[in-house]
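Written out below as structure tokens is the structure these notes cover.
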Amino acid sequence: MLHFQNDYSEGAHPRVLEALKDVNLTPTTGYGCDEHCKAAADRLKEVFACPDADVHFLVGGTQTNLTAAAAFLHPWEAMIAADTGHVCVHETGAIEATGHKVCAVPAVNGKVTPEAVRKLVAEHRTGVEEHMVLPRLLYVSDSTELGTIYVKKELEALRAVCDELGLLLYLDGARMAAALTAEGNDLKPEDFAQLCDAFYVGGTKNALLFGEALVIVNDDLKPFVRNVIKQRGGMLAKGWLLGVQFEALFRDDLWLETAEHANEQAQKLSKGLSDLGVKFYIDSPTNQIFPIFTDEQVEKLKKFVAFDFIAKVDDTHSAVRFVTSWATPEENVDFLLLAIQRVLK
Amino acid sequence: MLHFQNDYSEGAHPRVLEALKDVNLTPTTGYGCDEHCKAAADRLKEVFACPDADVHFLVGGTQTNLTAAAAFLHPWEAMIAADTGHVCVHETGAIEATGHKVCAVPAVNGKVTPEAVRKLVAEHRTGVEEHMVLPRLLYVSDSTELGTIYVKKELEALRAVCDELGLLLYLDGARMAAALTAEGNDLKPEDFAQLCDAFYVGGTKNALLFGEALVIVNDDLKPFVRNVIKQRGGMLAKGWLLGVQFEALFRDDLWLETAEHANEQAQKLSKGLSDLGVKFYIDSPTNQIFPIFTDEQVEKLKKFVAFDFIAKVDDTHSAVRFVTSWATPEENVDFLLLAIQRVLK
Amino acid sequence: MLHFQNDYSEGAHPRVLEALKDVNLTPTTGYGCDEHCKAAADRLKEVFACPDADVHFLVGGTQTNLTAAAAFLHPWEAMIAADTGHVCVHETGAIEATGHKVCAVPAVNGKVTPEAVRKLVAEHRTGVEEHMVLPRLLYVSDSTELGTIYVKKELEALRAVCDELGLLLYLDGARMAAALTAEGNDLKPEDFAQLCDAFYVGGTKNALLFGEALVIVNDDLKPFVRNVIKQRGGMLAKGWLLGVQFEALFRDDLWLETAEHANEQAQKLSKGLSDLGVKFYIDSPTNQIFPIFTDEQVEKLKKFVAFDFIAKVDDTHSAVRFVTSWATPEENVDFLLLAIQRVLK
Amino acid sequence: MLHFQNDYSEGAHPRVLEALKDVNLTPTTGYGCDEHCKAAADRLKEVFACPDADVHFLVGGTQTNLTAAAAFLHPWEAMIAADTGHVCVHETGAIEATGHKVCAVPAVNGKVTPEAVRKLVAEHRTGVEEHMVLPRLLYVSDSTELGTIYVKKELEALRAVCDELGLLLYLDGARMAAALTAEGNDLKPEDFAQLCDAFYVGGTKNALLFGEALVIVNDDLKPFVRNVIKQRGGMLAKGWLLGVQFEALFRDDLWLETAEHANEQAQKLSKGLSDLGVKFYIDSPTNQIFPIFTDEQVEKLKKFVAFDFIAKVDDTHSAVRFVTSWATPEENVDFLLLAIQRVLK
């Protein structure tokens, strides 16, 4: 069976695993108050050029997002997210379980637009605000759930609309490295720190066993976040496991190297499929691609490759998702292309 | 510096780490729906003699406890716990953050008594129940936060009072293996499944990188627990990391071997201190011991050993906590005793 | 100033106020456990032909809706509502504050359609349900927030889709009496009890000082609702104030008489405006109507009549809302028509 | 049957009811944004000498308390309350349902002491604060649940401990008027505004149909409280019903007159019982008294007087509670004394 179902199907990059092994028997302070977490945080602050930021390491993405909601929002405040956003769809109402509404706005290619934000906020500022939630935190993902990326101008425009409307900008970077290494990207790490109030850099989907680094730039959002992490069950007892992994991931820019590999495999696959005449649900420059097949072809594909179904596109066709990772061997891509070629005949 | 601060200061037992390494590059299904989680669950059901139980693997203890509260309780229902219980004191109000009150009862040596439960419930059944929370889930820990253990008769008595009063019995087994291997223990693994509606078996404090296994015996509590786990941020993307670790931990009863080692070191330390004339805050047969020193001695100890302060016992004396783990070298115990001997002079 | 802003601008019908005065000094049991609440509940069970229902009296609509969410839903379950629904828009995230997501579906004339429900539920049943909320309770209003009404066939179709999909049907009847007395209505009170799992009958917008009667038909939803009411702050100490008012409102079908009056005034106004050539945003047979004026006309109207702005319909026109109540004097309608006639010239 | 069960068994003082009747048919703006609420708020700010306070009118006490918790506390912050406090015992976990823990401290005569607060806070400031809730808001009641009152020195001492420890002081004044008119009281209305960050003045238990006035003195606590009121279901559509009642209650100091009457009846009863040799569970100068009878006598009393059972005091005796109200006729007190005299023989 070929695996193109997601980018969290393998463990950790060997250098990450090695680092964990190195410290395994050294007694270390718990709960993230150790030297490895400190060093990793320092390295992240350097890479993202935000020396005064607070960095917290958490185990997973949903946990990070719900912690942000609980920590950053007052009870009457709401998130805004693309209707395709992870917090809208695939977190079992985790944000709502913290008491906060997620206001969905129509996404364009998985991305939030300033116009959609402005319209949503206007609808909530009609003179009877106390009868409606107060949209307060704009949630965006880069790369998005559809594999697309924001260019700098787009993220700047969202920052501008946030400033205009008094919103916080929070970026889910579960696949940030994939975005940064994608063709067409013009954002640099420091731009996220410049433009966002807070963001997280994903490790789970980029060569760690697990781990997301929450970077809080806006001073107002910093106090008591560790209390919220603990209260919401996100404080890892052996917190240094996160620090050690992030240290290894950011040493010699491994995080970009791993993401670049994943992108290259996906783009090779994409080009190969195009050459075979396959159409796509959406154009994506990152490690998730969305080819369209006939339902009959989809059934045949299922027999030798694991992947996700995305949507029916018409009565006889469906879009599926192929995802590559830092660990996807190039020969698997070649083999998949060959196999699909046979299916398409 | 000697480390006796807690039992989660080291990584994983080498056999656990090896197992993780073995599967590292094998593509595996996410979210705990993999073969390793299945095998580990099967093994636990065998060890605890509860073939029909549901087993879920979570990353940490607070997360497991809050998931249980959210999944098992109706909005108007409350937990009962010893006033020294972890959920009462050291989880930053995690249970309350799910909307549920924790009713504290006075603990005897860290343990809940049937009398205390009966009294608490009686106070909540006065004919105006709808104005009070409904105590519903009794939370106990074994071993307790004070290192003590329940004997079978005591746990049976709590089960009986739960049956009598319509309560659920939930056991926090963060240190269950320490209890099972302690001198004086007469409980067997299957007793927990027989007597509890649900319980969890701790891995974080017993030789895993992280991981707790929530075992649900009562059929009524089984549905939709995975949804709650996801909603509360507890679903690990690379869920097999938990399955693989528990497989290794329960192979050849490693879990008892590691706990036995920890207990032996603590008891050796305890005996050595007694021989030096040191008194104890409480008698504990497990891997946590609570000697009393003068405040002056405590200050001296701090210079070469890491440990936790517990309580002032009088104007000039304090109780502290020494904890050993599966990884505590016996020579460290010897060295600590020698060093304390010098301090006491 | 003429008042057409809402149907809760006046106090109570004189017969209701008289009833309150009659019992004012009689010592009465608190919290709704009195004879008046019992008698009113009995009367409602008779009118709605549901002798086994539970009836609870609450002060307001948002309170009733959030109590229903908290009492009827498990943590992982969600509401479904029209995107124009009160719970979606105008309750400051009250449902989310109980931890539950509200899934919005596109409304047709303020009404939910079976197709929209089926589509929404299908999107949440894709084989990875635990990553999404479980839509469980369908919320509908009759009359709707746009003054429209469900006919029996429509409500039956929603019941059928609920049965098909395992959903609960909950009806917000803040303006149920307006619906029942509207032209075109073919629903009878007993139909609500037949077709819904629970519903509430509004008093605040129909001649009471305050008060909504929550009727629970489905046995599974009955236990412990009073506990939730208390916990959510909805239990009125002098609960008999609600019982006495509902007794008076349902004596000699006063509730329908008051609603009929309101509808007649709105429809007279509607016809008068039509005769003047005014177009409408939506056709409504109840006590809320939505005429369209030029923005210039709107400004002129504001000087002598209180009303709500609804929406811009194009660059120069806006829809507004006129609402009549049980207390609207017919001469006010006549006067408003005369005044508008002058504005339109 | 004689009624001494509580002080909310009758409707409203005739002058209050008359005021409601006077405005009954006058169209009035909803949600508390009307002239009556404004005038009542102004009057309260005058009486309590806090011209810059925000005043919100809510329907009931539990609702007011849970709104305060939701509005004033961050997710990681907790309330402190006497173990006999209403929020601890009789609100069905309403505070916990907003996500906040209530830390109980031992009460002395129903009152919180600075020592107890200091001890509780010290236990939560041990260097690992993020693992514990942060006690933040001290909840006290005056008069207390046991009918006792704070003298000025005591309330000042609590203010001082709050300042010392960075706590907010919130006073539940459901029976504030009873406290202010009690023998031994030396607090004046303005003292509450001087010493508390926020407090509420009760109407439900003092001659209104319903209604509590939340007075927020501390500027930091003022923003967005109306949003929380709406979100928690506490915003009354016909909000002027609250304003009109409070206007009437504070006209010519009716609120003190009604409370004084209640106190006088209770104290007359208390003296009469003392003269008959009856002992008391606690000494109370307000409208709640707590005589002790033999269980046999209690059974006899039940036949002709309604009252609450409080506690067994020994094997054969129980404490009960008699409560008087603004509406208790003096002859009922006389008749009760006569009847008890017969029972005691």
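Labels for the chains are A, B, C and D, by order of writing; each one numbers its residues from 1.
The rule we apply is simple: a residue touches a chain if its C-beta (ideal position, glycine included) is under 8 Å from a C-beta of that chain, and two chains touch if they have at least 3 such contacts.
Quick caveat, the model's predicted, so the values are computed rather than measured.
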Number of steps on the shortest touching-chain route linking chain B and chain D: 1
What's the chain with its C-alpha centre farthest out from chain C? B
Between A-C and B-C, which chain pair is linked by the larger number of C-beta contacts? A-C
Chain centre separation in whole Å, for chain D relative to chain C (CA means): 34
Chain A and chain C: spacing of chain centres that average the CA atoms, whole Å: 41
Cα centre of chain B to Cα centre of chain C, whole Å, reads 50
Chain C residues touching 2+ other chains are 70, 75-76, 91-93, 97, 99, 130-131, 227, 230-231, 235
Quick one: which bits of chain C touch chain D in the complex? Just the residue numbers, please. 3, 5-6, 8-12, 14, 17, 20-21, 23-30, 59-63, 66-67, 70, 91-94, 97, 204-205, 209-210, 227, 230-238, 241, 306, 327
Seen from chain A, its contact residues with chain D in the complex are 31, 70-71, 74-76, 99, 129-131, 134, 224, 226-231, 235
Taking the complex as given, what residues does chain B use to touch chain D? 75-76, 78, 89-93, 96-97, 99-102, 104, 126, 128, 130-133, 309
